Amino acid sequence: MEKLSSAGIAWRAAQDIADGAYVNLGIGFPEMVAQFQPPGRHVTYHSENGILGMGPAPEEGAEDWDVINAGKKAVTLNPGASIFHHADSFAMVRGGHIDLAVLGAYEVAENGDLANWRIGNKGTPAVGGAMDMVTGARRVAVVTEHVTKTGAPKLVERCANPLTGVGCVARVYTSLAVVDVVDGRFVLREKLPSVTFEAIQAVTGAQLHQAGPVGALVVPEGL
Amino acid sequence: MEKLSSAGIAWRAAQDIADGAYVNLGIGFPEMVAQFQPPGRHVTYHSENGILGMGPAPEEGAEDWDVINAGKKAVTLNPGASIFHHADSFAMVRGGHIDLAVLGAYEVAENGDLANWRIGNKGTPAVGGAMDMVTGARRVAVVTEHVTKTGAPKLVERCANPLTGVGCVARVYTSLAVVDVVDGRFVLREKLPSVTFEAIQAVTGAQLHQAGPVGALVVPEGL
Amino acid sequence: MDKSVASLEAVVADIADGAVVMIAGFGGSGIPVELIHALVARYRATGHPGGLTVVNNNAGTGSVGIAAMLDAGMVAKVICSFPRSSQPQAFQRRYEAGEVELELVPQGTLAERIRAGGAGIPAFYTATGVGTELAEGKPLEEFEGRMYLRERWLKADVALVKGELGDAHGNLTYRLAARNFAPIMAMAAGCTIAQVSRLVKPGEIAPEQVVTPGIFVARLVEVPEPAQEEVLVRAGEAF
Amino acid sequence: MDKSVASLEAVVADIADGAVVMIAGFGGSGIPVELIHALVARYRATGHPGGLTVVNNNAGTGSVGIAAMLDAGMVAKVICSFPRSSQPQAFQRRYEAGEVELELVPQGTLAERIRAGGAGIPAFYTATGVGTELAEGKPLEEFEGRMYLRERWLKADVALVKGELGDAHGNLTYRLAARNFAPIMAMAAGCTIAQVSRLVKPGEIAPEQVVTPGIFVARLVEVPEPAQEEVLVRAGEAF
């Protein structure tokens, strides 16, 4: 079955980010979304440690380790950037000032629950800012493979892993589809043209619904 | 009966302010305390609107109306002053970072209650920062005439006017005496040498106690 | 992204009847006089916006700024800590006539309620006011042997603030102690409108010196050499 | 008033066994490496201070800074949001051996609890964590149709922070995003100790550019050209 690369998923997520938006991208894969910001749109990226107006990574050797993102990677400051302390940074988040948070997921449930911080109760727990982000941002989107490495569904009826937040996810961008959470149900908005509804349903752990036409999930060649 | 001038009361209060202290002076009469800061001591004055390191009033005509104190009077900034917003300013107060607040009073009760914001329930109520200050500052002192203009006691068993704070006053500097609040009782610490204990008791609305010697309340000539 | 607006008229054009409007400033310092007067002018011309709730530390002085709003009759309620001033007539008259409601809040609690509104904290505990008549109706709770009362957040539809420098992204600095309530009010309002003495290019304000990050500002207008309310009041000016 | 202290040894000399120590920094940025190492050196030489509770966003990386404290065995408990890093062995080893207790706190809640500690707010409500296992034992309450849980303030005996400029009154600035937790930790500790890259005269930092007012700083020491923890870790340094 054909599927999108990580870059393809990130590209698709980036297309939905509005001009003027304030956006927080989770550590790791979600950071890739910034690379595909459509030209002509001004997006301001927030980093939990206290930066608004984060730019791309500097060239190797030009890192300033006092200008890092939440993943502790070196970044740059765009013109108009600002610096603030950690309580102010999370006041932005908790106070509903961040328009969009894009996170990864272990599981997303059809009721919008998200599990993305811990698998079972093994190992050292580490939560970071994910719980703050999913309750604070105005809109929460997830970018993820449609299934786990072992082929298990990541879109499920109820999360089995510890929750990050309850009923918080609005949209999921997967390697196969774009799925919204609407009134406790998964609604398929777009799918890869080459993959049938039934094929996607077969690798999804909850019922997929349709509400209106299902668009074609097409990303630029080479991604 | 001899009594101290306002300047005399303010002078006495100023003698107790320790080197290095962070101090807030209430609007009006308490502001006068800053004029009598003993030489050699460094005291940092806080103003509710967001200044630490306030200096004296500028010369007339040199006012900058963006450098004012809580009473909206023009002040100056000492070297090492800082500016911050109102929530940070009251975080300093509420968080117990201000060593001493000096306020005026309508009444102080022997249990340490203070009434200084409203007489009865007449007129437009206006509270300002007094309630924050008396619960937040590490130590609260009062400067006041010993009696009202009509001769009624201001040191009383229980306040008749609306309270500013409960059990908050540690020391009262009056025109006749220095009185501490200790375990729900007024303890006379100093009095004007020319005035007898009985004479002070006669104009005090609660029992005055003694614990150890009563010092002589003597201020510099000319005050 | 350019949040700058060309005129004072345009920048206040959509403030609605009944809005909760936070107005920065303490005494005359930091009062966005031109924004307020643009709003008063609009009310005089159109009858809107009326029935406003104004949040400020004070309740106006003289015949300019918030006092001019009160005189114009566009204010239904004032939330403040100290509704007295050297020239309190505008508020006094409306209040005594029962035409303006007053919610009195201790100054530090007012600041913290506003900060809580901006920070997504619906309620918090403070010792301020415990045992006083301003504690009435507020839940009490003991923490570590001391009594505290619970206060609620305070949010607004609109905040009007006065910055010194501002850029097109909405980043702001403030002149000296004119900062006072502006940074927290900018956080607590759905739509924050700033007047700035000088509009600069993004990047001209060093990132470390931005006081209000642009995320908190919806739009801004340049007002070079703005009036200082204290100076207007002392000169006996009226709007 | 001169809060400056001549040596690193002297500035950390009275931190007591069992103290709660907030340590500023996020990742390697803003970590007061020299202050921490002075404390580790004291522990190695004297066996004190031991049994510390460390508050930081993370739990150390590599073999320097907080990781060196963990390796030395002077840490009894860590309060943090993210005890994983590129090189988490120091914490991992102690944690798995049951030698270090972990209190895991969502990052924004951690910041707000610290801010509340500094601001005299014993408890506040947040939506963060509602419905998750980190909500266990925390009172829930509904405000305006949404559920929130109650969190408590967090205070410390000591805070260690790294400033850029500092003056004798304790006023501080920070270098870029090294600011992170320092301003709120400085508020929340009984004794805040700062290392600064440059000690300047009072007045050299403009009043509007002071980030941490001196009231929050007990003492400070000049450490010119301080180490950056990230650089040390990437170079494989150990303390």
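Each chain gets a letter, A, B, C and D, in the order it is written, and its residues are counted from 1.
We adopt the following convention: a contact is a pair of C-beta atoms (placed from the backbone, for glycine too) under 8 Å apart; a residue touches a chain by one contact, two chains touch by 3 or more.
This one's a predicted model, so the numbers in the text were calculated from it and none came from an experiment.
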(Q) Just to be sure I understand the contacts, which chains border both chain D and chain A? (A) C
Q.
So using the touch definition from the top, which pair is joined by more C-beta contacts, B-C or B-D?
A. B-C
(Q) As a test of understanding: of all chains, whose mean C-alpha position lies farthest from that of chain B? (A) A
Q) Where the centres are mean C-alpha positions, what is the separation of chain B from chain D, in Å? A) 36
**Q.** Centre-to-centre distance between chain C and chain B (centres being mean Cα positions), rounded to whole Å
**A.** 30
Q. If you average the CA atoms of chain A and of chain B, how far apart do the two points sit, in angstrom?
A. 56
Q) So which stretches of chain B touch two or more other chains? A) 51, 77, 83-84, 87, 90-91, 93-94, 136
Q. If you look at chain D, which of its residues touch at least two other chains?
A. 112, 115, 119-121, 126-127, 176, 179, 207-208, 211
Q) Does the chain-touch network form a line, ring, star, complete graph or other? A) other
Q. Which chains touch which?
A. A-C, A-D, B-C, B-D, C-D
Q | Complex contacts: residues of chain A adjacent to chain D | A | 47-51, 64-68, 72, 77, 83-87, 89-91, 93-94, 113, 124-133, 135-136, 162-166
**Q.** Parts of chain A lying in touch with chain C, wherever the complex brings them together
**A.** 19-20, 22, 42, 44, 46, 51-53, 77-84, 87, 90-98, 136
Q: Would you mind writing out the residues of chain D in touch with chain B in their complex?
A: 1, 115, 117-121, 167-169, 171, 187, 201-203, 205, 207-208, 210, 213-216
Q.
Help me check something: in the complex, which residues belonging to chain C touch chain D?
A. 112, 116, 119-127, 141, 143-144, 146, 148, 152, 173-174, 176, 179, 207-209, 211
Q | List of chain D residues in touch with chain A within their complex | A | 26-30, 57, 81-86, 88, 91-92, 95, 102, 104-109, 111-112, 114-115, 126-134, 175-184, 211, 228, 230-231
